[in-house]
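Look at the two complexes coming up: chain A is in both, with chain B in one and chain C in the other.
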Partner chain A sequence: MDLFLLEAAINGLLLAGVLALLTLGLNLIFGVIDVVWIAYADLVMCGMYAVYWLFAVFGWPLPLAFVASVVGVAVLGVFVHLLIIAPILGSAPINQLLATGGLLYFLQSFATLIFTTDFRNIGVRLPVLEIGGVYISYSRLLAFGVALAGATALYFFLRRTYVGTAIRAIAQDREIIGLMGVDQRRIYLVTSAIGGALAGLGACLLALQYDVHPFVGNTFGPLIFMICVLGGLGNMIGGFIAAFIISQIIAIGGYYFSTELAYVLAFILFILLMFIRPQGIVGR
Partner chain B sequence: MLSLVDVSAGYGSFRALFGVSLEVATGETVGVIGPNGAGKTTLMRVISGLVAAFAGAVRLDGRSIVGVPAHRIVARGIAHVPENRRLFPKLSVEDNLRIGAYIPAARRHFAGQLAWVYQLFPQLQERRTQPAGTLSGGEQQMCAIGRALMSRPRLLLMDEPSAGLAPLVVQEVFDLIRRIRAEGFTVLIVEQNIQQVLEVVDRAYLLEVGAIRLSGTSTELKNNEFIRKAYIGL
Partner chain C sequence: MNERRIAALAGLGVLLALPFVTSAYFLHLLIQILLWGFIYTAWSMMGRFGLVSLGHGAFMGVGAYVPALLWNYFDVTPWLGIPLGIGLSALLGLIIGYPCFRLKVVGHYFALVTLALGQVVLLSIVAARDITGGSLGMTPRSIGHSWYALQFPDKIYFYAIALLVWLLGLLVWRWIDRGIGREALEAISDDEEAAAAIGIDVTREKLRVTVISAALTALGGAVFGQYLMYLNPETVSGIGVSLQIVFAAIAGGMYAMLGPTVGSLLTIALTEGLRVWFGANFVGAANSIYGILLILFVIFMPRGILGWLEAARRPRAGAAAPAE
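Right, the complex of A and B next:
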């Protein structure tokens, strides 16, 4: 077996973890609140800046900066819901798309204004692991492990708690959820906070591997949306599986051709699948 | 326990209830009967807080519940089994029951209450891991009643429990209501199936085009000339 191919496949697998985590957040919000946060990847950008400033500039310990990023973006998620989504919940979906799209430009411009367009790196270089000639970076391995742990924690939260059960129930019948004693507005806030926290966690994991700049969201935002749609929008399991498929196409395609061409291949596959299975690979 | 005085309600400019007054005493089973479109469902929704009353008073144990949101009314002790059951079809039977126990006071008693509901409806225990949408009509009604009982209510509202069910299953559902009654619950039940419901309630009100037209004990109503002619067909 070609060692470089194996290495590409492993890297693809590790990349999939973080993408799957972000896909979960976006799908959770869509599934529960029925709104697509176009600016989701830009919340990740905010989290990456939080890690950069707290750790590299203010000298906080890295774990503390990570926790602050997760909590900070969770709070940001609550504000996104309260200030942007809640006032227009009853209006046409296109208005909600435009409003969260506007947030995307706002966050990118705001970040450019205060942080300039410089590429910044937190400057942490974790060692690289060598197993039988295959090189795997610790930061990717860590990112994969943490992403899977986050996804597992979310799974148990949704399955085992009352609030989690209400989150799963609410999209099935919004009208009568109040008869169960569930305050719909509170569930929306909790969901937005969880969606934000997942973006914050993703930001920590990406900050270990990539530079942060105001437009970093554009590099993986479209990818996350494509994965969500491929898995069936709102379908968390579908999105999870799609994240692994797309990452493998990009990683292995990148090995045989080039990364740019791999992205082209992934998007071609996406367009073809949309014709064959518009409901997504796991949709009904 | 529950009293409505001169309640008017509706949706937007459409008015469904015109000055409805009724009483339910603790331990009673009371029926509201009437044809389709009489405002029976609106009446239930006003009591459980899904629809706001334009005017009038709704009191539970003497305290007004007008303007209290639905999720808070559950905590005051009213559980509403909605029309067409409205289970969460993709959630398992047990998750449907779990969400019925969402309010903090009910969570504390979840295990005991679940065991009691399963004892009341053993079929639900057999199907506990199955999605609620795959249950038969009668089982769905059991699950909907069980879900309402999980909040440990003092007053149970049942909206058209026999609607859309096959005749044999309707019989089963009325047997279920008898069992709930025998457990000592206070029940307010809305039904189009007038002949059947008069067999299980103590008293009933006849609601026609948004107003109470008649009221009396079930025996009185069964023998009432107007009801016999217009609704029972004798």
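Right, the complex of A and C next:
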């Protein structure tokens, strides 16, 4: 087998980890609050800027900058819920989508206003691993490992804790949960915070590999929505599988054609799958 | 009724007289207001019936790039290129609309499919960088003042074209509004199952407004390309453009004929006002304010400014927002 193809496939696999992590956050919010945060990728952008400023400009140690990014975006997630989603919780889903569309517009423009459109890099260069002629960067391996660890932690949180159980219960039946003595509003806040924290964690992992600029969200935002829908909105395991399928299409398509064409291919596949299986690839 | 007709004629008279009394700068703004107003009107033809598209940039892109490419590479006059672009865009609307409506892809699923469509067109233009210039954009070959090439260095011609195109948009809006299709579409956006049960052909009704909207949006994109003489994938097909269309239409009010035009007037006045006040180093200031306004509009005024004014005038009629 062609070594470069193998390398592309491995890099696709490693990218899938981060995408799967972000998909988890989006899916959690969709499954529990029943809202599509179209600005989710732009929360990741905020996290990447946080890492950049704290680490590269203010000289904080990298782990501390990472923690600050995760906490900061989690708080941002809570604010998004309180200020934008909560007032229109009862209105049509499309209105909620549009309101977060306004947030996307705001975050991108505001970032342009204060950070300009310069591409910024945190300037950390991790070594590259060579196994039998295949080169894999440590930053991607690290991202993949942390993403998997984050997903596992989320899984145990949802399975083993009271709040986690309540979150899963709400995703199953919104009406009855109030009768079980669960405070919906509190669960929504916790969910928004976790969704934000996952975006912040994703931001740390992406900041290791990519430059940050105000429109960085546009490069992978549509992608994670697609993955989410492909996996079946609200279905976390489906989202995980879809993340791996889509990133392989992009990695291998990018190897044979060009990155843009690979994306075009992935989006067309998404549109077709929406027609064939709107409930997602692993839906009931 | 008569009063309205007089008001409409007076308004048209003012629009016809304006280019003779304004500077070139204001003429440029007026052209933009009319052309964007036209595109927002075209979007609202779908949006008002609950078909929220986040990918109208796709139709704009096809409408703008097809005539420009044909002109640059094959010397095909825009008189042929523009109808071809409109036709292709309508076809794209059909290809994406038919399965969507047939298989009941609605609400935010429909929005996400159209979002993906916008990305497909955007990335295809970028990927074909050998002929389209990719992200750097392209310039239609200029040959000076020419009816054949639809190129007019003098803005007054484009003002006339923009005015005609905008009026066409309003006429189509009225035609849809007066037709039997409107009631069918309103029934569909209220309850699709019930509408189908009383014998409405849901797929056909939705498809008709989608194809019309796609075709008109392509026309708007084509005229913009001819006017600005510069095309860029991000500015015709990017997510930003698609969202800007949605925002302006909602802000002005997508349920009233002049609502989208009011949205266009408002957004362009805001952009230019901020640009004049703050200067060019505040790139993003206007769009930041748009973003906040969009959120506020969706939360507090889902019917838009015109809808809100009408509701304030007639407290009963607009009490319930239809987007609920």
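As a working rule, the second predicted complex is superposed on the first by the 284 of 284 C-alpha atoms of A that agree within 3 Å, B and C clash if a C-alpha of one lies under 4 Å from a C-alpha of the other, contacts with A are read in each partner's own complex, and residues count from 1 in each chain.
Keep this in mind: contacts are C-beta pairs under 8 Å (C-beta built on N, C-alpha and C of every residue); 3 or more make two chains touch, one makes a residue touch a chain.
Here the structure is a predicted model, which means the values were calculated and not measured.
> Do chain B and chain C fit side by side on chain A after the overlay, or clash?
fit
> After the fit on chain A, how big is the angle at chain A between chain B and chain C, using C-alpha centres and going to the nearest 10 degrees?
After fitting both complexes on chain A, the angle is 100 degrees.
> Taking the superposition on A as described, I'd like to know which of chain B and chain C A:179 touches: first, second, both or neither.
first
> Just chain B (first), just chain C (second), both, or neither: which does A:229 touch?
Touch status of A:229: second partner only.
> Which partner does A:107 reach: the first (chain B), the second (chain C), both, or neither?
A:107 sits against chain C, while chain B stays out of touch.
> Looking at chain A, which partner touches more of its residues: chain C or chain B?
Answer, by number of touched residues of chain A: C.
> Does chain B (first) or chain C (second) touch A:98, or do both, or does neither?
Touch partner of A:98: chain C, not chain B.
> Could you tell me if A:121 is touching chain B, chain C, both of them or neither one (first, second, both, neither)?
neither
> For A:168 in the superposed arrangement: first (chain B), second (chain C), both or neither?
first
> Nearest approach of chain B to chain C by C-alpha atoms in the superposition, in Å, rounded to an integer.
Checking C-alpha atoms only, chain B sits 17 Å from chain C at its nearest point.
> Overlap the chain B and chain C contact sets on chain A and report the shared residues.
Touching chain B and chain C on chain A: no residues.
> Using the touch definition from the top, list the residues of chain A that touch chain C in their complex.
36, 84, 87-88, 91-95, 97-99, 101-113, 116-117, 214, 218, 221-222, 225-226, 229, 258, 260-261, 263-264, 267-268, 270-271, 274-275, 278
> Which of the residues in chain B come into contact with chain A in the complex?
Per the stated touch rule, the residues are 48-50, 69-71, 74-75, 79-80, 82, 86, 88-91, 95, 98-103, 106-107, 147, 151.
> Please give the residue numbers of chain A that touch chain B in the complex, ascending.
Interface residues on chain A, with respect to chain B: 162, 165-166, 168-169, 172-173, 175-176, 178-184.
> Could you pull out which chain C residues touch chain A in their complex?
50, 52, 54, 96, 99-100, 103-105, 107-109, 111-113, 115-117, 119-120, 123-124, 126-127, 238-240, 243-244, 246-247, 250, 282-288, 290-295, 297-299, 302, 321, 323-324
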